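I'd like to ask some things about the structure below.
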Amino acid sequence: MRRSTLAVQVGVLARRSVVRTLRQPAMVVPSLVFPLILLAINASGLDSATRLPGFPTDSYFQFALAIPFVQGALFSANSAGTNVASDIESGFLNRLALTPLRRVALMMGQLAGILALGLIQAVTFVVIGVAFGSGIAAGVSGALVIIALSLVISLAFGCIGAFVALRTGSGEAVQGVFPLFFAALFLSSMALPRNLIETDWFRTVADWNPVSYMLEAIRSLVISGWDGEALALGFACAGGLALIALVAASSALRTQMVRT
Amino acid sequence: MSRGGFWSVARAVAWRNIHSFFTNPAIAIPALLLPMFFFTAFAGGLSRVDQVPGFDYGAGYTTFIYGFVLLQASTFAGIFTGFSVARDFESGFSRRLFLAAQRHGGIVAGYWLAALTRAIFTVAVITAVALIAGLDVNGNLFDLVGLYALVLLVNAAAMLFGTGIAMRLRTMQAGPAMQVPAFLLLFLAPVWVPYDLLTGWVQTAASFNPITLVLEAGRGFLAGDPTEVLPAFGAVLLLVAVTVLWARGGLHSAERAA
Amino acid sequence: MSEAAIEATDLVRDFKKGPRAVDGIDLRVEAGEVYGFLGPNGAGKSTTVHMLTTLLPPTSGTARVGGHDVVEEGPAVRATIGAALQEAALDPFLTGTEHMKLQTALHGMRRAEAKSRSGELLARVGLTQAADRKVGGYSGGMKRRLDLALALVHEPRILFLDEPTTGLDPQSRSALWDEVQRLASDSGVTVFLTTQYLEEADVLADRIGIIDQGRIVAEGTPAELKAEISRPTLEIIPAEHGELARTREVLARFGEPANSSPKGAAVLLSEGEAQLADVVRALDADGIHLQHLQLHAPTLDDVFLAKTGRSLEGAAEEEAEQPDPEQAAAA
């Protein structure tokens, strides 16, 4: 019998991960709907904040449009974590471990599922943003960069979700981490530009919070066009977080799948 | 059956519910964390918003947000009690309760006492945190009595609404059906800025939302400058009346199923 | 002596939080044999299977499966074995066919080969009709059968089945038994099967190892094990109560008296079931008419009781009554 190649393994596992995600509307729909509801409420409820001196745009909708991309990624973390945890809890991981499967293929297959969900989210949010009148200052290529960045962000949070699942083997633990992610989103420059945050400790937290830079990179493309520094910071934060989470998840997988 | 029967059922239900609230961190902690989280994120992150031209509130942004978080906390103390009702149906506890108790209204009254206790506890904790964070209360004793009366009436309405749903659906799956309307009602209101600074569809929604009146009256009490007192009490009493009927319908539906 | 299909020497597994789950197991299963690993819940069956299938490294001891060391040659062991583990781990959101596709692809089968093999296996376990339905809607028996089909994809020579029928209804149970018997007899597959049910081990296994608290307490063919413990008891109820004393006298010629119901007499047959005909002839010769005759075969439970001092959980009734697996699982 032939040994399956890495490409084949990644291919079938990616397919499974995507199919499995898309067949759970309860995972896909809220990840699209909740960020959009929050956006709609925010945009209209906080529109007057644009009248603050120094606010970068006169449309709060345009300012807040960056939020769904990150918030959607938090849902990716949840769904990736839940999927991995249920594979462990059900023993599906053992079934896979009994085949000539390579761990790296398993990891990459899982990431494909995260990216598929991330892509659906990012495209939806871009389309909604444009349809409801927020131009994208950096144009069509800017929109593509937004989608690319938000995929990296999805990957970062998705890997954190997978890490928690692999580390604990428990879906409840994944659910328990979810509120922490939301805290990370809220304690960032989500609602106001950092220079307009008045409370000192809050501004300090936002300064150190990588989510701030992810939001600001997307925001720069939407509001002002190409801003090399903002993009570099955004991609560095998202990419760095993704890398750390990926390494952590891979090492947790090694412990979880101890086959000889 | 005497009124004693009614209240002894209520006391038993309330005691069980309160006991599990205070002994089960998985129930108590989210109930505390959510309002605490909103308070921190809004009062801390958005305080510059009070410098928007036309933002006219005398007691400061922390107090402005405290007014909202009070309502949010008491609403969810009620909604989470609705969750407990659903849990009691799932565990089969309610079935025994319905068979044992003569006066089923006492069951609802018991859940109300539990929701009230949970609201008072949550509000007390939030208030302590807010005081540390620089809450500025200008209202006098009468204003504060008015404020907390409003808050606790909203709690009762939320609890009755949640219980009505829980008794009809009798499953924990009903959670979102209680939570989502509550969230929408709370956030389609002048949460971050006064009503006059709202724009677009949220302003339209807020103009129909009874919570807008309650929020404005509550903030007026906090600032020592009562406004919209009668409309707010009128709105909240109407809410209570409607949800009493809603919960009564739920009780009948549960009785038919028991 | 040729190499055994499965061979374990002093296999031990400790868990950090918890007991010594497997406490020095020695095993030898010959090629083509069906080996029944019988023990109550928590005895250490699954832990043993996990070690033999390379999913869990042993704390100490060695094991060779299909001629390969489970610690040193994991990939070679996995290529030789198929396993249906206790959880019947399937993805509820995938169909039976999709499971097959995943499994065949991971085993490196070409598409055409994979397709025909999947079709053949699904037909074999009776899932052709349900192949394109999502597994979430399968019954417990269907899941077990799919699990078995998946384990057979790469034509393993050695098959591990961890409690394959726990929780199944009697029909599904016997369907699975048929399939296991067919595999062993037609394809010569070595089967290592764990179970909590005496009856299952008795029906399927060529040889049985009884495990309790991580140790093998008895081993042998079902007949050997039963014979080792006790001989069968014969109970006779005469048609007329007055004949009871004479019945006792006749029975006494065949062995020691045993406990019986008040209306009857019983004897522990000294030379086993073969004496049955002689007993009946002797009674007939004495003109004693029978109302009722019952042979109580010794059960594996007797073996378990004798070896451990405890009764095997949920299976304490007489074997004739055939404990319902659902009830046994719930007990």
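First chain written, first letter: the chains are A, B and C, and each begins at residue 1.
As a convention for this text, a residue touches a chain if its C-beta (ideal position, glycine included) is under 8 Å from a C-beta of that chain, and two chains touch if they have at least 3 such contacts.
Keep in mind it's a predicted model, so treat the numbers as computed, not measured.
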| item | value |
| --- | --- |
| Contact graph of the chains (line, ring, star, complete, other) | line |
| Closest chain to global C-alpha mean, per-chain Cα centroids | A |
| Chain of greatest Cα-centre distance to chain B | C |
| Averaged-CA centre spacing for the pair chain B and chain A, given as whole angstrom | 33 |
| Whole-Å gap separating chain B and chain C, where each centre is the average of the chain's CA atoms | 59 |
| Cα-centroid distance, chain A relative to chain C, in whole angstrom | 49 |
| For the chain A and chain B complex, residues of the former touching the latter | 40-41, 43-49, 51-52, 179, 182-183, 186-187, 190-192, 196-199, 201-202, 206 |
| Contact footprint of chain A on chain B as seen in their complex | 30, 33, 37, 40-41, 43-49, 51-55, 187-188, 190-193, 197-203 |
| Footprint of chain A on chain C - complex, ascending | 50, 53-57, 70-72, 74-75, 78-79, 81-83, 85-91, 93-94, 98, 101-103, 105-110, 134, 150, 154 |
| Footprint of chain C on chain A - complex, ascending | 1-5, 8-9, 11-13, 16, 19-20, 23-24, 87, 90-101, 258-260 |
